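The data blocks that follow each hold one structure.
Look for chain A in each of the two complexes below; its partner is chain B in the first and chain C in the second.
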Partner chain A sequence: MSDDAAGSATADKGLANATHGVASFDEERPGLVRRLQAFLHTYPTAIPFIVLVVGVAIFSVAAGSKFFAPFNLSLVLQQVTIIGVLGIAQTLIILTAGIDLSVGAIMILSSIVMGRLSVTAGVPVEISFVLGIGTGILCGFINGILVALVKLPPFIVTLGTWSIYGAMIIFISNSETIRSQDISAIAPMLQWMGARVALGGGAILTAGSMVMILIAATVWYVLNRTAFGRHIYATGDDPEAARLAGINTTWTLVGVYTLAGFICALASWVLIGRVGAVSPLGSQTANLDSITAVVIGGTSLFGGRGSIVGTLLGALIVGMFRNGLALAGVDVLWQEFAVGALIIIAVTTDQWIRKISA
Partner chain B sequence: MSLDQVSNLTATPIAGVQPILSASGLVKRYGKVVALDNADFELMPGEILAVIGDNGAGKTSLIKALCGAMIPDAGVIKLDGSPISFRSPMDARLAGIETVYQNLALSPALSIADNLFLGREMRKPGPLGSIFRLLDRSGMNRIARAKLSELGLMTIQNINQSVETLSGGQRQGVAVARAAAFGSKVVIMDEPTAALGVKESRRVLELMLDVKRRGMPIVLISHNMPHVFEVADRIHIHRLGKRIAVIRPKDYTMSDAVAIMTGAMAPPLMLE
Partner chain C sequence: MGKFLKIAATGAVMLGLMCGTAAYAQEIVVGLITKTEGNPFFVKMREGAQAKADELGIELRTFAGKFDGDNDSQIAAIENLIASGAKGFAIVPSDSSAIVPTIQQARDAGLLVIVLDTPLDPIDAADATFATDNRQAGRLIGEWAKGTLGDAAATAKIAMLDLAVNQPTVDYLRDQGFMEGFGIDVKDANKYGDEDDARICGHEMTGGAEDGGRTAMETLLQKCPDINVVYTINEPSAAGAYEALKAIGKDDGSVLIVSVDGGCPGVANVKDGVIGATSQQYPLLMASMAMEAIKKFAETGEKPAVTAGLNFFDTGAALITDKPVDGVESIDTAKGAELCWG
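So, the complex of A and B:
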């Protein structure tokens, strides 16, 4: 059968012997590299999973029992909880081919609203809490409207709202930190996420970590088991195709940014639990750390491809590298070096996997 | 030329049979440019109607008006004899007009089943579906498999493989299956073979005949004259913003059709 036959008659004659059916697969054995590419294409979370396992093994050898101890491993989990929650919000945004530089600012702003209202203004803590969560939702909604309805690039929108929400943080907080002991005296509910459970062997599980896993499970369900989740992937994959297929991409985007704002507000609760105090500073780098976790977790910056499990693994990998290198006595600058290298490797791998085609 | 001869040469529908989709007097202007100039259109039940025309003749505008992607300035569109007006492609889809766009409008990273049900997902019955919005994945997979088998596409083994791993022809098959699967009345196909090789084009043409055999009429927009002449029952020739002729492929040669389309040959008289 010759595909390069000049006349269509020749080609049609060839067709008589052609394998019938438009959907047959070529049976030739692809090479090892191609098979690896296809495997990673089907199971993109395999890479962060392998990196995590290999990393744990290496640090267990390099840093000895200091690293591979129940207490230390649970410490890594605590250290990545906030970035993990923000990373879940960031994953939703990046799946739509967007980016959210304001997640850290939304988190701090929500925590400031909760803390100032309850401790400084004397509003009942339940109401302060609801208003704090509402602040996060509103911030996300504003981002969503600007991206989906005003049709501005997500990078520019969230760069702008990052500054605006940052200004609101200073305005509402008066640049003051609310002390931990004041919160535990007046509004202890805000510190619930710091509650700890001893698991034995020195391992400690915080309420915040459990909430992170609960949020991850819920968002996983939404992404994989509901129509809204499928629409998020479709919108990120090819917005024009999604629109022609009948998806309301505008409201899908607004919904995604709003949901991300809500998750950032929950992250503020986790943050107060972990830090104890409410500070207008800190977490300036939370935006970038959340993006790092998402990218290392194998979610594509081009949208439509990625997973929540990958993001949690990505956050754990960053936490593990920082912790393990520190315990091994490596200078902090090399921790940053390692994280940077991981980002570039992760994006390169994503580009390669995306090139697959039949 | 007697009236009898004329009616042999033109493809006027038989009196008494009502067109399933028709348009009359469609007008669309973009500034000073007239894209549609009193254009008419008739699709009969169970036929494949090809729409041909030179670039800029207005066939894209005509099709956009029919599938809801553009709102004409004037004119009437009728589906099953009753006047309709679409504000969006979704309206047209709900009314039963499915369009297979040239870019296919598939989401490459999603699975075949996901794509078939994109925008009209099925949920589990009971509170799982109504409160927890749980998708009925097994149900959708089952229906997707059945729809693809009906169209002879079940050589696609894994309904959950992503569309980007499929070949061009396979993707076209998925897009056609999606258009034909959901009780639609009319399928519009925009240049379905333009991006395909010889073998895959052949499969898609067979697929169109399959769809026609199942009683569903097709509007085929194509530049490929051999393909048009092979599958079309009638050919609507569009020129300068309006329909200038409807011919039967057996009465004319391809070069005649091209000559009429470009104005080199006078169109046959049309019976109103």
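So, the complex of A and C:
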């Protein structure tokens, strides 16, 4: 609508001047904007990438050498790893025009199952680990069945299961924390993801970050190079058209939610590696943070368009802002403010890009 | 589907009514409202209250918010208690000022309101407050850290790992208490962040959990690599801070971590040298005393008293460390483990 208004305004202006033809004037200016719009529509990760680069440049000036140091930049990567992994799961769901509010709860529940069984109940750590991963898969499967077969809205389903998985967290953990020292003595395997590799120049890469990149690469491959991946995009873009084209949208959805549950379970392993302990507290905002990463990463909340790379960039942008603002001595509340502003800008941009297909 | 739900809901309500009237007709009803079910501190509090209620032969109804800061759930809980004819209740307020009008409603309706752990703002909005003297708890660990460092305290570099941006009472009381104990000019004693002592590296928020503790510590270490004293709001955040130190090889005892709470994992961490010292508080005592006070009020109309010199009843705090310092009273981790909660 605003395009039309602007167009007629320029057209009027053009007529008033009457030196050029209306048509040629019209073509030139909106043409540039249109081309940008088309470019962003084709390469949705361009914006988060530009924001990341510009952000790094700004903070390098504002916060000095403390920010732009190999160690600090690798620290930001470590700090966003958990949200990054959850964000990959969330991207899959949002690509189908869904939303998953339970990703954080699934992650904590899986970690509690692993920790309680191995440390408190004395089950061999390998079995506890498998059962923990299985818990995540089961949780995701339940979400998928409720969304695809019972046909409830994803927001409501995962709002409900968020509470249910949350209650299970308290029930199974008995609200007790399992200490890092006990885990490293009895079930050290659970802390593997905390292993660190020096990259030189002070930069550190954790096993968790490597796993995040590995998961991202795998999911990228699935999305772009397999039939299942194309079905996910198609189902999100237009479920009816996808169904008519012969895609089994029901089981595609169940598959997506189950896969997301599996990735959340892997996130729990990464979480234990980073935090050391297994705790029913904490990660309270992980579900919303993962949605934030996805949205800032340029994935459309309306489904069918977006990318895994964008989500990782989105997570990095949030981490970079928090780290950079803290090092620049900015109060915590302005960090929240900045993240909120980023979300609004990202969604506004998405709305604008979407118009090209309308 | 809709019909089935309706029938099920009606059935559930009727069942609830029947149980309610049949079993508890004559008993004194009291309530306990905590912040969340996820925190062992409140779980222990509930267990202590339940045991005492059983012993006294009163009927306990328990409620909790969905998350720390969930004021709405606590308002609903108070309304439920007023409606069910409770004689009084104990509450750990999630929002120490927003809950005040609802508490006033309950008091107007004749209920005795005892606030546990986190004082209201203003504190006299409740009939009584049973709490840890959090400022004193902070002072104890501040004095211990100062005594342990000796002369080096004058050149210390301190990380302050706090709870939340909105600075709830427990947050600033512990933080400022620590500074007072350490010998730092706190400026406004009811607000942190306004100090200009060069020894303070900065304040970061942890949310009171391990993941927040680790991230906050990493950030402050980036600002000041030479940090050698870490104040933490509670033991989970202390454990997170230790992981951050461990990641850069500073888990060799060169950095002192102090904390507040006295939960069993926290005391075990003091024993293992993760935390240097912690101030232990006693949630079980708070809850059981509240049950006794409400029963007494229901029978005699008498309200509980306060500790001399304070405007609340101090349920005490003890410093737990295996490296005692002259002039700061403390108990060792063996004794602490006997008294710990959660």
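In the analysis below, the second predicted complex is superposed on the first by the 326 of 358 C-alpha atoms of A that agree within 3 Å, B and C clash if a C-alpha of one lies under 4 Å from a C-alpha of the other, contacts with A are read in each partner's own complex, and residues count from 1 in each chain.
Everything that follows uses one rule, which is that a residue touches a chain if its C-beta (ideal position, glycine included) is under 8 Å from a C-beta of that chain, and two chains touch if they have at least 3 such contacts.
Worth saying up front: this structure is predicted, and the values here are computed from it rather than measured.
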First (chain B), second (chain C), both or neither touched by A:N323: second
Touched partner set for A:I156, first chain B, second chain C, both or neither: neither
Contacts of A:G304 with chain B and chain C, given as first, second, both or neither: first
Which of chain B and chain C A:A241 touches, first, second, both or neither: first
Partner chain in contact with A:T226 - chain B first, chain C second, else both or neither: first
Which superposed partner A:A195 touches (first chain B, second chain C, both, neither): neither
On chain A, the residue positions that both chain B and chain C contact, one per complex: none
Chain B partner contacts - residues on chain A that touch it in the complex: 3, 5, 8, 11-12, 15, 18, 21-25, 38, 41, 225-228, 230-231, 233-234, 237-238, 240-242, 244-247, 304-305, 356-358
Touch list for chain B against partner chain A, complex: 89-90, 93, 99, 101, 103-110, 114-115, 118-121, 123, 133-135, 137, 152-157, 162, 164-167, 169-170, 172-173, 197-200, 202-204, 207, 226
Partner chain C, residues of chain A touching it in the complex: 66, 72, 75, 78-79, 82, 163, 166, 169-170, 174-181, 194, 196, 204, 271, 274-277, 279-284, 322-323, 326-327, 329, 331-333, 336
Contact footprint of chain A on chain C as seen in their complex: 37-40, 42-43, 66-67, 165, 193, 202, 204-205, 207-212, 214-215, 218-219, 222-223, 236, 239-240, 242-243, 246-247, 263, 265, 268-269, 272, 274, 342
